[in-house]
Amino acid sequence: MRTPPGTRADYAYFQSHTTRWSDNDVYGHLNNVVHYKLFDTTVNEWLIRAGLLDTRASPSIGLVAETGCRYHGEMSYPQRITAGMRVAKLGNSSVRYELALFADDSDTASAEGFFIHVYVDAATHRPCPIPADVRSALEGLVK
Amino acid sequence: MRTPPGTRADYAYFQSHTTRWSDNDVYGHLNNVVHYKLFDTTVNEWLIRAGLLDTRASPSIGLVAETGCRYHGEMSYPQRITAGMRVAKLGNSSVRYELALFADDSDTASAEGFFIHVYVDAATHRPCPIPADVRSALEGLVK
Amino acid sequence: MRTPPGTRADYAYFQSHTTRWSDNDVYGHLNNVVHYKLFDTTVNEWLIRAGLLDTRASPSIGLVAETGCRYHGEMSYPQRITAGMRVAKLGNSSVRYELALFADDSDTASAEGFFIHVYVDAATHRPCPIPADVRSALEGLVK
Amino acid sequence: MRTPPGTRADYAYFQSHTTRWSDNDVYGHLNNVVHYKLFDTTVNEWLIRAGLLDTRASPSIGLVAETGCRYHGEMSYPQRITAGMRVAKLGNSSVRYELALFADDSDTASAEGFFIHVYVDAATHRPCPIPADVRSALEGLVK
């Protein structure tokens, strides 16, 4: 049986997103790909605003190893979307973020997914431990 | 000599946009294409929120005939962008919108462009006059 | 232990894709979202070219219920990408496509994922059986 | 009076592009933004394949100063698109590319536009002369 959609209370951090004309596909709803754009944006913006990621200078960066999304309901431009985020699994070199998208003021997720970052050396792209400051911040998002 | 960038006072209507991770290109700045996504989004969202466009039901719709953009300065994710809009030319069946993009709190446009809609019958795609209610609303944006 | 990447022999249908400047992110590789654009494109183009989907007229359409992707290796513009596709599970109203992306002439997948379509009535968006002609064609892709 | 659409004979270099499901907007045709993605892709791929651009290592790079597009006719996924390119103006530090998009086997452009690159130092982003090898190659595209 399918897991029921999550609510805002299930998530630890929230970020607002505007939608775009080009997000709607021929059926008049958000194309399934847009959800991943918002996952990506939410994770990285949290990292950048927390001072944990400088794409030009950080010695280690997160590469995306696996992502997934279940679509519960349709959303469409020009709705506003709030992304909820939590950390579900924190390993030595990888972190599993879980994310949900809420349309306008809805408390029920229209979609839920995950996003796994594996930390690698920025130059060699070989796996490395999650930096201590990143790990410490991620612990605050575990839920 | 190049025209200096416009300021917020040059525009009549404003709309806020969030940026996305995928908006930045390999040089770390907003890809030149993103500007057009925001132009498109601003024009159509204004029309939709004013009750002047229902993409499924309106008997006539605006098709894009010509667009253009001058890039004054670089912007980048995760900046917020405010789009300014004005109506520069209002013909029988076409309208020329002019738009500007302002990064975060800047009063100087990082980019300015235009977007020409030609109204066509939704079924036949043959040119038709701008509907009276749309024309009336557009007149309020002339600047 | 992680499943090793698949090869072309594991897939039943192939489609070529060009990449775009805006596909590369700030790290100089294909953004993780692009993979889903290619999955989506491959499934729907197969349907359209087989005469099984007319987005304007088909009485039933496939809505995306769940998607996922594992990233094995990096790809980048201007590489050409071949998408491989197979049908892994064919239910009454849903189908699970599995897809792989191969960079240039590589026989090893750079990414593998899945894409689940649930058939719904085009007007009401209520689940309905997969149309007989679609089902018959899908059976030819089971692998 | 509007200039008639160009033909393939008006252009000097050609590049093939596949379209994507997400390129079509709610009206079922290529969103006006996609044209710019193909312009961008064509110019940079020509530069990269000619050995004239390494986005990570080139000492000078082209920044986009101005772009524009006139839309003559509609195109839609899953059509193939051929981009035609020519050099219209070659200055000391800037080059004006002109581009056209041809749907499938059509000899009449569905859209025509331009794309102005200003060469800048990759580190400081200050204007600099077009490198000699780039200039020499661009001269071969003047038409």
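Here the chain labels run A, B, C and D in written order, and each chain numbers its own residues starting at 1.
Methods note: a residue touches a chain if its C-beta (ideal position, glycine included) is under 8 Å from a C-beta of that chain, and two chains touch if they have at least 3 such contacts.
Bear in mind the structure is a predicted one, so any value in this text is a computation, not a measurement.
Undergrad: Give me the chains shared as neighbours by chain A and chain B.
TA: Chains touching both chain A and chain B: C, D.
Undergrad: Tell me, please, which chain's centre (mean of its C-alpha atoms) is farthest from the centre of chain B?
TA: Here the answer is chain C, farthest from chain B.
Undergrad: How many angstrom between the C-alpha centroids of chain D and chain C?
TA: Distance between chain centres: 29 Å.
Undergrad: Centre to centre, by mean C-alpha position, how many angstrom separate chain A and chain D?
TA: Taking the average C-alpha coordinate of chain A and of chain D, the gap between them is 33 Å.
Undergrad: Which integer distance in Å separates the CA centroid of chain A from that of chain C?
TA: 22
Undergrad: Which positions in chain D touch two or more other chains at once?
TA: 21-22, 24, 26, 28, 31, 33, 37, 40, 55-56
Undergrad: List the residues on chain C that touch chain A in their complex, please.
TA: 26-27, 31-33, 36-37, 40, 55-56, 61, 63-71, 74, 125
Undergrad: Along chain A, where are the residues that touch chain D in the complex?
TA: The touching residues are 21-22, 24-26, 28, 31, 33.
Undergrad: Within the complex, which stretch of chain D touches chain C?
TA: Listed in rising order, the residues are 16-22, 24, 28, 37-38, 40-41, 44-45, 48-49, 55-56, 77-78.
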